Structure formats: C-alpha cells, structure tokens
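Common to both upcoming complexes is chain A, partnered first by chain B, then by chain C.
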Partner chain A sequence: MNSDYINIALADDDEDDRLFFTEAFDELKLKSKVLLFKDGIELMEYLNDGDNTLPSLLFLDLNMPKKSGLECLKDIKATERLREMVIAIYSTSASEEDIENTFVKGANVYIKKPNDFEKLKKVLSEVVTTNWQYQTSGLNKDNFLLRL
Partner chain B sequence: MKLLLKFDFTKVCNTILKQKLEAHQFNYQQTAFGEIELMAKVSEEQLKRFHDDINDFGIEIIEDPKKIVIQKIKDVIVDMVFNERDVNVKTSVYLAEQLEENYNYLSNLFSEVTYTSIENFIILQKIEYTKILLTNEELSLTEIAFKLDYSSVAHLSKQFKNTTGITPSAFQRIIAKRKQIN
Partner chain C sequence: MPTPSSRYLRTAFIVGLFVILCIGGFTYKHISELSQTSKVVKDNYSLRSELELIISNLKDAEIGHRGFLLTHDSLFLNPYEESLQKVTSNLHKLDTLIVSNGEQVEKLKELKEDIKKRFNNFDKSFSLAKDDTILTQDLLFLLHEGEIRMDRIRADITAMLDLEQRLLTHNQEINEKKIGLTPLLFYGLLIVTLVILLLAYFKMSKDLKALKENNIELEIFEKLTKQSEIVSNTSTWVWYIEDNEFEFSDNLYRLVGEEPQSFEPTLENFYKYVHEEDINHLGQQVNMMMREEELPFTTYRVVHKDGTIRHLKAYSKMMDDTEGDKKMFGVTIDVTNELENYRIIEQRNQELERTNKELSAFNYVASHDLQEPLRKIQTFMSRLEAKEKDHISESGQLYIQRMKSASARMRMLIEDLLQYSRTNTSEKEYLRTNMNMLLEHAKTELLDSIEEKQATIICDDLPTMDVISFQIQQLFINIISNSLKYSREGVPPIIEITHQEVLSKDVEEIKDSLYKFHHKITFKDNGIGFEQTYADKIFLLFNRLHGKSEYSGTGIGLAICKKIVENHKGVILAESMPNAGASFIIYLPFLK
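Presenting the complex of A and B:
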C-alpha cells in the first residue's frame, strides 16, 4: 500500500463538500489521487470514455442536479466495464428504507455525511482501508456492505 | 437458471497454480501454501511470462520481504477461519508458531504495512465467512456463532454490526433482494 496510489472519485454538486473531501484525503496517511465531478452527467461522461482510468472507489452524492446519484448507480451497475468499481453513497440523512434500497441496487458503502472534519477523516479512512482489504485479500466484493 | 456455488479456496488456488506451473513446464516443489521452490534455473523472460499468465487469476509473485511476511500472516488467518481449524491456543501464539516469529514483531509489521491490526483483520475475515454462511449455506446466526467459536450469538451479532454497520438480518435481506433483481 505504501508505494501504490489509489484512484478515488467524488461526484457532488456542493463545492464546500468537495473541498472538505479533498482536504480530508490530503491529511490521510495513504496516497490517493482524487478526481472531482460536480454532477452526474459530468461523471458518467468521464466513466464512459474508455481511455480514462477508472477509479477503484467512487463516492456518489445522492442529490445532484441533472442526474442523481441513484441514476448514476443504476447506469454503472448496468455497464459491464464499470461494474467492478466500489461505490460509496455519500449523502445527507435518508430513511432506513432508502439506505437499504441503495445497497440492493449495488452500492457497497453508505456514508452519512459527517458535519465535523475530524469525523469525516475517520470515516473516509475506514472506507479506504476496508476497501483495501477487499482488493488485497481476495474477499468477495459482492458481500462488501458497509454503513457508516 | 441460477446456481449457487461453494468454493474450497485452498484447493482452487493450488489447482490453478499447479496447472499454470505445469503449463510453463517448471520443475518445482510446493513448500507451503503460496510458496514454491523452482528446482531448475528459470530465465527472467520465462518468469515474466509466468507472472503475466497467473496475474489474470489474481495471483502475484511478491518480492518485497515485508510483503511476503504479511501475505503469510494473511494466509494463515484465512486458512484458520475459512477451514475452521481447531486452534487450541491463543491466535497470537498460533500465528507466532506458524510463522516462527515473535508475535510483537508480526503485529507491528502488519499494522505498519496494511493500516489495520491483525486483530481487526481476523474479525474482518470471520465476518466475511459469516456472510458466506448466512447467504450461501443459509445457516442461522446461532449455528454460525457455534461453528466459529463465539461465546454467544449476541457477541457475533454485535461484532457483525460493529464491523459492517448493518445487522446480519439486514445483510441477508439485501443480498436476497439483489439476487431477485439479477
């Protein structure tokens, strides 16, 4: 892990949230490259271009203009080339039913956006290390469900 | 038609490795799980071709000595959990015995390289195995707790929730619903 980068992407229409997110990653011990998208359309255009490197971990905000996180999730899971990405839903609170629904639709992680920076760092670090275990220890990704 | 499959992980890995080694006509001896000794000299070029070939199966040749130790620790833990080894000593003692190293050394190295502790890694593996038993073999949580040597169902249930953020029954429900959709 020390020598390898992980490619991470975030799609979120809120500028402050994007800033917080990148700052939190900068402060974590692990090396990462973070790609940012401000809506679902921009994200899907990038992902569907076969020349682009796919992130191994994608954070999706649920409420975005133009194309919502849930719509992106649906398209990603319907596309063979994109299916292997680990998807983390990154959102403000939702009902139990909505949360379970995102898991059923193929999300691996559900994060309720923390409003505290330290907590955000802790949560992101937990997602990344768990994701790392799945990638390096041959675990079955279909069983990767994590709620924070 | 849908088929549910069960894997013997050790056997799957060893069989693939054996087939590949034979396909590349290597003269070898398997010394341990994930460890082989080549009995004749092999050129860099041959080794590279072999590496590219096994890479497709998610197998990698590791060179960094630290990574080798980490991989051995992981292999021993995965084998212990997934093959339900009857380990009568504490896990720390068992690991130290299997790797012939001091446990403190192993523990520190593991945390340094993987950003998680051996203890957490064992819990993660146990929970992963629980998930498989819950969904593929449809065992009850009580049966699983007994199988995996937990002191009580409550303990396993709590550890499951702490590790994944969801309850075992919610997990079962989600996986069942996913199977219905696909």
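Presenting the complex of A and C:
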C-alpha cells in the first residue's frame, strides 16, 4: 500500500450514504482510499485484526444495527492500539444528547449529514485536510460540531 | 415523679404531724412537771403542819410535865408520854419529808438535837421531882433551862418554816419561768399548724377542682379520639410489658371487623384475624418489637369474618410512664384506601411514562427517520441537478425546482415541529440569566436576515431573570424573525424592544396572577401588522394569516413563543392594526 494515500474508513449501514460518501471522495480527487463497513461488528473485526492497515480517519455513523457507533467509539478508545485514530461522527441527527455523549467519549469532530451533495463534499474535504494532531489540543465542545 | 402539688401536700402533712407530736411531748412534760410541783407544795404543807404539831405536842408535854411537877400525880405523866411519842413520830415523818435540801437537813438535825435536849431536861426535872422536891433550886434552874430550850426549838422551827417558805417561793418562781412561755408557744404552734392545714385544704380543693376539669377534658379528649379513630381508620393499643397485657382501642376491633371489646385483647386472639401469608412476617416483627422495644412500620393484611381483606399498618414505640413502668404505645392504621389510591396513581404514572416514551420515540422518528429519507431526496436532487442538468428539459428543471422548494418546506416543518415538541420537555431548569445576553445571541443567530432586510433593532437595558435560557433565546429569535418576515415592502424594519416592571394587579391580563410583579417586555415593529381580531389566532399551532406563496412559514413559530412564555408562567399578547406595525407584549413574573 502506498503511503501517499490517506486511508479513510466509513461505518454506515445506509447504502445511499455509503454511495454519496464514495462519490464525494471520487469527485474531490484526493489521494485517498476509502474502506466501507456495513455495521459496527464488521468495523471492529477489521480494526482488531493486527494484519490490517489502520485507517487514519474513521467516519462513524451512530445509528447502526448490531453494534452502534457509540459502542464502537467506546471500544476503540479502550483499545491502546486504536486510541490515536481520528474519529469523525457522521450522523443524521444532531441531538444535544448524542453530541454530548460522543464528545465525552473522545470523538474528534461531529458532522451532521448535509442534505446537499456540494455541502457534503465541502465538509469532507474540510475534515480530511484538517491537521488533527494540531487541532486536538484546542478541541472544545463549542467547535466540536462542525459548522460550515 | 411526684407532682409539685402532691409534694406540697406531703410536706404539709409531715409538718402538721410533727407539730402535733411536739405539742403532745411538751404537754406531757409540763403536766409531769406540774404534778411534781404540786407534790412539792403538798410536802411543804405536810412539813409545816408536822412542825406546828411538834410545837403543840411539845406544849402538851410541857403541860403534862408542869402538872406532874405541881401535883406529883402520875396521871399527868400520861399526856407527857403521849406527846413524847407523837413528837418522835412527827420527827420521823419530817425525816421522810425532808430529803432534798441539805440546809433543811442540817436544821432538822439541830431541831432534833434541841428536842432531845429538851426531853433530857424533862427527864432530869422528873427525876428531881421524884426526889421530893428538895433540890428546888436545881429544879428551878432546870425549868429555866427548859424555857430556853423551848425558845430555841421554836426558833429552829421558825427558821425551818422560813427556809421552807423560801424554797417554795423559789420553786414556784422556777416553775413559773419554765411554764410561763409554754401556753404562748402552744398557741403559736397551733396557729401555724392550723394555717398549714388550711393551706393544705385550699391546695387540695384547688387540685381537686383542677383534677375535675382535667377529667372533663380527658373525657372530651377520649370521645374525640374515639371519633377521630373511626373517621380516620386508625386505632391505638397499649402493651403493658411487665404484666404482658394488652389494651386495644375500640376501633382496633372494628378494623378487624368485630364489635368493640368483643374478645380478650391478646396477641393470640389478634393473630386469628391476620392473613395467613402475613402471619409469619408479623410474628417476626412482634418478636423483634419485644426485643428492640420498638415496632418499625409494618404492613400486613387482616381477613374479616365475611372474607374482606384489609391492609393494616402498625407502628409502636416504648415509653416510660411516670411510675417508671414500661409500656409500648402502638398505632394501627387501615391503609387499604391509600394503597388503592397509590395503585391507581402508580398505574397512571406508568401510563404517563409510557405516553412520554411514545412522545420521545416520536421525536426520534421525526428527527431521525423522517429526516433521513428527506435528506436523501434532497441530496439525490442536488446530484440530478448537477450531473444530469443537460439531459433534462426546461419543464423538467422547473419540476425539480418545485420539488426542491417542497422538500425544503418539509424540512422546515419537521424542524419547527421538533422545536415545538422540545419546548414541552419536563426539563425545566430556571437559572439567573442576563436577558441582554440572550437577545445578543438571538441577534447573532438572525444576523443574515437582519442584514438582508437592513433592519434596526433598538433595545432597552433588559434585566437579569430566572429563566430557561435556551427557550427565552428561541422566543426572542421567533418574535424578531416574525417581525423581519412581515416587514413592509421597501421599508427597512425597525424593531423597538422596551422593558418595564409592572404591578400585576394594574394589568388586566395578569391581575389574577399568583405573582405580585411582572416584567413587561414589548417588541414593537413597523411591519404590515394585522387585524386586531386575529390577535389570539396567530398564537395557535399551524395558524397562518397569509398564503404560503406570499410569506413563507409553518405557523409554528408563534405557537412556540406562546408555549415558552407559558412555561415561564407568563402571558404573551399581540396588538396591531393593518399597516401600522405590530406589538408583541410579554409578561413574565418575578419567579422568586
């Protein structure tokens, strides 16, 4: 695998959303490789396999069958090997409760799925190009929810 | 503990008894002293008479003696002999009468000596006379000597009598001194006793009266207690621990469905009414009560003869009474009705909880599940518009535009509805908040449309209030955006916000409020306004005064405002005339 590529993963049970996601990355023309997972179980199986390359950026839907995004987040943060991975919550709802919970559990950014394809592209490129190593230090609850 | 009153009575009784005993003692002592004195007086008189008898007997002897000397007739010797005997017996009596006084004894000795000498003189003269009166010179001498002796005897007796008189007087003086104060003392003591007894009597009669009154009160109290037990379905009982005896109030019998006092109040008899499933637990509790001297709140069932099941609750506590006897005082209450009510409330609570859960589930469906397909429709439309624009005809593109605006409207509706249902939340935390800050936040939120409409907002200094801040901020946003939306074509909107503190009773709409003061916040604009007849209607959900094409809107915004103000126990009003602008007036009470 070429190190120039950014490894990006998305866990989302919605087929359409996965389609929008891959199309957006295709159109953005970033040097990226997108991994797709249909639910939390599939995602965790991949991550916990030591042979697999870890994505540097994980987009996590909250409402998924079998294992929810919040549970995945909890497990990832409890695993030493996965802890440094940048996690972007990628959800339809933006309820105070969900935002609060995921912030406390250590997610880096919260994205409400946009209802316009151009907006989606903008949001994704913003997240991918942000230097999270630097950004994390100034993270607070006010700028946790990504607004564009 | 004895009461102060009974202590007083006891003291009075003891003092009285003591005084009477004292008086008795003194009286006995004085009477014995008096009888002593009278004996002394009697002795004194006997002594006197004996002494006088001695003189008379001596005189008799002398007469006899003289008779003999003159006649030498032995007949005269008889009275002489007699008087000699009498004097001897007199002297003997004197011996018994005089014992106490040393001086008198001395004098008696002298007297005896003189009498003895006198009789010697007699004897000598007799013997001379027998010698036939030759030595008359000697006889004469003896007669003279006899005369002198007689005088001495008289002097002795006089001295003795004087001394006796003095002793008697002295004795009397001592006695008088001794007895002198006694009657006064007795009298005084008697008076004191009488006073004490009188006081005791008054005290007792007063106590008795109080006791009677207490009795009447107790009687009333008892009747009231019985009545209140019946009315409130309670009962009382006492367990006399020392004797292991129970006393049940009438109503306890009624609580187990029996006539008052219809069976002997014992545990065994009572257990007969306890539900068989509860009897073990109650028994354990009662055993524990015996040990711990307290019965914690215990609930159990009893079964009436007719099969009715009632729920009873008992509690008791150990108390020491004034005599130090240990008693358990217990209360038993019929809680069947309360339990039933509680069950009904519980049921309703569960129903409410279920409804609330359904509501929040609906919220979730609205926020998530409904928005998701809509979002996809919108996204796909944006894809269609961007990628396939060249393949779609002009009318097709118009349809796409219509679809876009329809779905945008649907999104707005969903969001507003959500907002409206969120204002229903039970989460009502009133915090002291600066209203100026909330207004600033609202203005920031509306910055785009304010700039677009070139609106001016003029604002008074607003107070700090106890509010649910996110709701008040929403209220400000909704009212201001409403004014911005319904502004007049070509006239830049001016919104004036004023604040005033008002007395509730001075304002018609809030004069019945529980709160004395209200904040009055007025939002006045220069927009299109509306007919005053619609002033109430505009706050109703989904109510719109204008067609959708004229002004966009869902008819939810002002309904949310009304809801928020009501959450804060306030009132919102609208005043307007067509083309003369509108005023929204909010009254919010001083909550603290």
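Operating definition for what follows: the second predicted complex is superposed on the first by the 125 of 148 C-alpha atoms of A that agree within 3 Å, B and C clash if a C-alpha of one lies under 4 Å from a C-alpha of the other, contacts with A are read in each partner's own complex, and residues count from 1 in each chain.
FYI, a residue touches a chain if its C-beta (ideal position, glycine included) is under 8 Å from a C-beta of that chain, and two chains touch if they have at least 3 such contacts.
It should be emphasised that the depicted structure is a prediction, and the values quoted were computed from it without experimental measurement.
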First, second, both or neither for A:106, with chain B first and chain C second: first
Which of chain B and chain C A:118 touches, first, second, both or neither: second
First (chain B), second (chain C), both or neither touched by A:5: neither
Residue contacts with chain A in the superposition, chain B compared against chain C: B
Partner chain(s) touched by A:143 [first = chain B, second = chain C, both, neither]: first
Those residues of chain A which chain B touches in one complex and chain C touches in the other: none
List of chain A residues in touch with chain C within their complex: 14, 16-17, 20, 23, 63, 92-93, 95, 113-118, 120
Partner chain B, residues of chain A touching it in the complex: 1-2, 29-30, 100, 103-104, 106, 110, 125, 129-130, 132-133, 136-140, 142-143, 145-148
Of chain C, residues touching chain A in the complex: 364, 367-368, 371-372, 374-376, 378-380, 382-383, 386, 411
Complex interface listing, chain B residues touching chain A: 9, 58, 74, 78, 113-116, 121, 124-125, 128, 131-132, 135, 164-166, 170-171, 173-175, 177-178, 181
